[in-house]
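Pasting the structures in now, so scroll down.
Common to both upcoming complexes is subunit A, partnered first by subunit B, then by subunit C.
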Partner chain A sequence: MKEKENFLKKPGVQSVLTSLICIILGLFVGYIALLIINPAGASKAIITLVKNFLNYPTFPAQMKYLGNTLVKTAPLLMCALSVCFCYKAGLFNIGAAGQYVAGAGAALYAALAWNLPWFVCLLLAMCAGGVLGCISGYLKANHNVNEVISGIMLNWISLYTVNVLLAKVKEQASPYTFNLASKNPSSILPTMGLDKLFSNNRYVTIAIPLSILIAILISVILTKTKFGYELRATGFNKDAAKYAGMRERRNIILTLTIGGALAGLGAAFLFLTAFEQWSVTQSSVPGMGFNGIAATFLGGLNPIGTIFSSFFIQHINNGGAYLDKAVYPSQISDLIIALIIYLCGFVLFFKSFINARISAGDGKKAKKGGNA
Partner chain B sequence: MNMETPYAIEMLNITKRFPGIIANDNITLQLKKGEIHALLGENGAGKSTLMSVLFGLYQAEEGIIKKDGKEVKINNPNDANALGIGMVHQHFKLVQCFTVLDNIILGVETTKHGILQKDEARKKVLALSEKYGLSVNPDALIEDITVGMQQRTEILKMLYRDNEILIFDEPTAVLTPQEIDELMQIMKNLSAEGKSILFITHKLNEIMAVADRVTVLRRGKYIGTVNVKDTNQAELSRMMVGRDVQLKVEKKPANPGEVVLHVENMTVASRVHANNAVKNVSFDVRAGEIVCIAGIDGNGQTELVYGLSGLEPLVSGKIVIDGKDMSKASIRERSRLSSHIPEDRHKHGLVLDYPLEYNMVLQEYFQPDFTTPLGFLKKKEIRDYSLKLEEEYDVRSGQGPITISRAMSGGNQQKAIIAREIDKEHKLLIAVQPVRGLDVGAIEYIHSRLIAERDAGKAVLLVSLELEEVMNVSDRILVMYEGEIVGELDPAKTTSEELGLYMSGAKRDTKEA
Partner chain C sequence: MILLIQYTLIFASVLLLVALGGCFSEHSGVINLGLEGIMVLGALGGALAMKYMPAGTNAFVMILAVCVCAILAGMCYSVLLAVAAINFKADQTLIGTAMNILSTALATVIVKSINVAENPDNVSSVIQYINAKKAFIINIAGFEFNWFMVIAACLLGISYVVLYKTRFGLRLMACGENPQAADSVGINVYKMRWAGVLISGLLGGLGGIVYITAGVSEWKFEVGVAGFGFLSLAVMIFGQWKPTKIALAALLFGFFRALSNVYTGFAFLAALKIPSTVYNMMPYIISLVVLAFTSKNSRAPKAEGIPYDKGSR
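Our next item is the complex of A and B:
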């Protein structure tokens, strides 16, 4: 009994528990939505959604489609890390979406216009995202412009700039950029044999293990280094950080620059697999950066947690594709994710609920045990 | 007990719990009609909780409240008002850009066809202020009047609403000695006119001066109620703290050495208004002496310290610490030579969400002792250092170094800051209100630490609003008034009355040539 209570008191355990509660409740409310739309198929639909790649009967097919989910998990994870890293310093990097776009633009343009190899394209994508983040950081540090405002504006600026830029490397007949495989194969990320594991899914590249490594790296930077110490101190209490002589302005700029680089790299992780092509006529900022915000919160604002939450969100997103489109709108997976994220807002409530239960138990024990 | 009860308000066997803590444990408080009843206790003793229960902000789990012998339910402050209970809060609740009269009638205005009828209100206010000796100018704006007059406005607000039971929450914290004397007289007048007064305080001399009875709380428990004329300060402080307390600080005469801090014609801008908050101030602090900046809150002390610490750039002037010109140095460069106990420990002193061990190294985390050349924190060294400080300075916490600082009591938070700042290498210690909000036991400890610092040959600059602290701890007093140093006094030769005259601007030294 005692051990169990101590276990529940650990903040890490509580974060996981609350995220799980959010997920279960989110799925439940999503199920109710399915019931309202079409009661007959609701149970089957929610199972299909949650099963995602497991809907395929054979193991090789399951692996192949798991691979597809992972391909899109890597960029989502990078965006989530970007948001998470900045959040720890007290900055809300809603500009991750635009930094992601800038990264996509830089990676694709370098690959298609200049025929550069993949690692240079990665670097340029990081730089492009980083520059965008740096602009927000500079404005925040020196002119006290809220990073949310400048981030949102830069999202649109970067979207249309990238559209104009990539129009130079698009196919004649369609709004899509050239296919990397035919135009410049050297720009495609190497698979290092990972494709074999996923039934020859050639989109499964080193992007996936790299993104997980970066998550671990971010976690180490935040918890084990002097820079992370300063960053989190600034995020918790910027007045105390300043009083302790930390260079607040430099840290704000540096944090947002790193955040931008992470999001930019994320875009390269997707587009340099040739899994998707950029449409130069799109007029809304891709949702990847915004989903990153969702993954950050579902992951309990923990870089390691975001690995799992990013996978889960992408899993549900992909699962939505298997629903019967004649009966259910394809947005149902978005709806469920939105519900889960909304419920994440109650994380604190769930936590205090758990703590109240624990202390109530302790109180009873203390009464029984006498002097503690 | 007969039908005619002598009590205006009775709070019987009140118990109020919060998760993990019993804030009020079976507390009984009986306020006689027309008496001044002091409620005494350390910080965290449960005074505020008890008053919040009486004022309807909290509901007690157990116990009953009686008004004139009849049981009443107080569910919100409106109920309290309806029962004639009024409160002067520690931080006044006045509209700055309204006149005194407007503030008094706010919420209970008399109107005719939707138009304010101020003449009647004015008559009533003037009559009240005459009757109780509460001199105010009804047409002055709140922002233009003194703190003392603002407080009188708050009192008039209660009287205007015909409140019978008046609660004063630590009313003397912001007043000069002269104003405190006036307030004491006002309280006596009020009780003579039949008002019942609850006076929350931790200042024993005020209780002795004005109260009829006193109820003491300690750690949420009821300790007792005694008649003031049958007791003395030593007994009260023993009841409050639970042990004998040294009320007077023991110290040897100072032995000042060379100048450590030299300030020359320093001027610092204000963050709130267009004028400079510190005007052309010059002074020295020598090794082995405690120099105290005394003054009423808001006379430039905060900005003076901001200027010294580097949080606010100087408009003009010069700061020299240990022979080095620091006028334009960064915060970190200055902190190599000076330690700071900041005024606001939550805002500037601690990262509350960090574990205690991280706060213990907040000023030194970047030193080679705690960070490897590659920029990794040396976790073990930080842990050991924190344990060492906790033991040396008796910093108590639930889980030791990993306790989240927010979960610690105010006294222990302050001790953690003091441990960090004193243990750090420094020649100058700047302590701003180091005992604010702390209980008697902690105050005693911190004062003895400051004196030990002095005896160890450090220069100590103490900024204080508490007269007792100023008189007891310092070796030299500089009085600040409206951004200027208006006098230098020797605590051994001056009196609190004289100090009060300087603090209120009524007296000032003529500028030496």
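Our next item is the complex of A and C:
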């Protein structure tokens, strides 16, 4: 009994537990929404949503659609890492959405207008995102502009800029950019045989293992290096870190630049697979960066945890597409994700609740022991 | 030219209302990043009111009903922020972001469900209010005067008086500057913050309905309010958290937003061949630049964004 309590006290276990609470509550409220819309099919619908690719009867088809989910998990994971990395230094990188947009713009423009190979496109996407992050960081460090505010402004500035830029490489008849496969096949990320694993899903590329590697790398940087230590120290107590001689300003700029580069790279990971084309008429910032915030908090602010939370969020997101559209709107999945993020705000409360229960239990037992 | 003034005024009204909402919330000490979401829900409430009010309703009743519905929707939605940020001490930026995503999803789900229930073939997220909208507009020699402009101007005056001339307003601001001190003289900080957030829901919801009735007569809820909530935040910061300056900032930003709609009407602007997106971008760039120069001695409420904990000092 005592061992079990110690187990519950571990921060890692608590993080997983609280994330699970968020997920279950989120799905439950989503289920209620489905019940309100149409009570008859609600149970079936929520199961369909959670099953996602498992809705397909045969194994090869399942693998193929698992591949599709993974293709979109990679960019989400990168955005989540971006947010997570910055959050460790006490910075809320809401600008990840804009850095993602900038990365998409740079990667697609380089691929379509200049016919550059994929690795150059990746680098350019990283730079574009990094520059945006750097602007936020510079403004924060030297001009005391809150990174949330500058991030929001930059989100919209980059969306409009990228729309103008990519309008030069779009198809005549549609608002979408040219298809990479026909225009510049050398810019498509190599698959290295991974597509064979997923029933010849040609969108499954090295982006997926790369993003997981980067997650591990970020985790190592945060926990094992001097820079990571300084960064977390700044996040815990800015003034103490400064007092201890850490170069706070440099660290802020560097952190946001790296965060920006990660988000920019994420966009390249999606658009250089030719899975999606950019629509130059979109009037709202893509949700990928914001979902990254969701994945970060659901993953317990841990780079390794975000791997799983990103997959889960994308899983639910894709699952929405399998609902019967005549009865249920597919935005139910967005609704559930948003609820999960909202509930993540209560994580602190959940944790202190668990701790209070544990210590209450300990107290009771100590009393009992004393009596006996 | 008339069109430009008309659009400037109506967009400025939207920005003014929502920015004032943000102003109340931030003065009480809660950062309201969810303004965008509150606008969406306010717009939904108002649009549904316009949809279900009988066709021949008196214009005054119509305006009243639509405003009340928008305000109620906005306030109900802002409760989400208040509960999380004030009572559960959640991260306000995170909650705001969640509210923005939630609002678009929620509004789309509601509208689609209503549309599908009415007509199984209609899976769009569009509400039309072409007839109901006429109640708000008086046409004066080509100038479409909108009652919301008056409402916005009145609320500006009321906000100014409430914030600076009443006991409530001064107490509210105290809670955003130094909640511990406010508490020590017997002000209930939690109550004041709740009031601040609810007022921001009221004004934000109203701003939402003004926005969707501004230029068009149907609204597709999948697109939300296209960043107007965030633009309002910029207006608020640009206006240094003061109602009068916010009004001026709203006019400036509204002007640029209007230019992007009507610039083709001006020969010299059309000749420049600047795409309309550039005008859309202008307010954001301006506010970023201005922020860079003014944030060193920012007038932001000192305790904003920090959850108030009675026990801490």
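By our rule, the second predicted complex is superposed on the first by the 367 of 372 C-alpha atoms of A that agree within 3 Å, B and C clash if a C-alpha of one lies under 4 Å from a C-alpha of the other, contacts with A are read in each partner's own complex, and residues count from 1 in each chain.
Following the convention adopted for this analysis, a residue touches a chain if its C-beta (ideal position, glycine included) is under 8 Å from a C-beta of that chain, and two chains touch if they have at least 3 such contacts.
If you're wondering where the values come from, they're calculated on a predicted model, not measured in any experiment.
**Q** Quick one: on subunit A, after the overlay, do subunit B and subunit C clash, or do they fit? Just give me the call.
**A** Subunit B/subunit C on subunit A - fit side by side.
**Q** Which holds for A:Y243: it touches subunit B only (first), subunit C only (second), both, or neither?
**A** first
**Q** Now for A:Y176: first (subunit B), second (subunit C), both, or neither, which partner does it touch?
**A** neither
**Q** According to the contact criterion defined above, which of subunit B and subunit C contacts more residues of subunit A?
**A** After superposing on chain A, more of subunit A is contacted by C.
**Q** Angle at subunit A, subunit B to subunit C, CA centres, as a multiple of 10°?
**A** Superposed on A, the angle at subunit A reads 70 degrees.
**Q** In the overlaid three-chain picture, which partner chain does A:M153 touch, first (subunit B) or second (subunit C), both, or neither?
**A** After superposing on A, A:M153 lies in contact with subunit C but is clear of subunit B.
**Q** Going by the contact rule set out at the top, does A:Y322 touch subunit B (first), subunit C (second), both, or neither?
**A** A:Y322 contacts neither subunit B nor subunit C.
**Q** For A:N163 in the superposed arrangement: first (subunit B), second (subunit C), both or neither?
**A** It touches subunit C, and subunit B stays clear.
**Q** Let me test your reading of the model: by the given contact rule, A:T225 touches which partner, first (subunit B), second (subunit C), both or neither?
**A** first
**Q** Would you give the minimum C-alpha distance from subunit B to subunit C, in Å, for the three-chain superposition?
**A** 6
**Q** If I apply the document's touch criterion, which positions on subunit A are contacted by subunit B in one structure and by subunit C in the other?
**A** In the superposed arrangement, which is not itself an observed complex, subunit A uses no residue for both subunit B and subunit C.
**Q** Would you mind writing out the residues of subunit B in touch with subunit A in their complex?
**A** Contact set of subunit B toward subunit A: 19-20, 309, 311, 330-332, 335, 340, 342, 347-354, 358, 362-363, 365-366, 371, 375-377, 379.
**Q** Sort out for me which residues of subunit A touch subunit C in the complex.
**A** Its residues touching subunit C are 33, 37, 92, 94, 139, 143-146, 148-150, 152-157, 160-161, 163-164, 283-285, 287, 290-291, 293-294, 297, 325-327, 329, 331-332, 334-335, 337-339, 341-342, 344-346, 348-349.
**Q** Under the stated contact criterion, what part of subunit C meets subunit A in this complex?
**A** 33, 80, 84-85, 88-91, 93-95, 97-102, 104-106, 108-109, 112-113, 116, 120, 123, 125, 222-224, 226-227, 230-231, 233-234, 237, 275, 277-278, 280-281, 284-285, 287-288, 291-293, 295-296, 298
**Q** Which residues of subunit A touch subunit B in the complex?
**A** Those residues of subunit A that touch subunit B are 224-227, 229, 232-233, 236-237, 239-245, 355-356, 359, 363.
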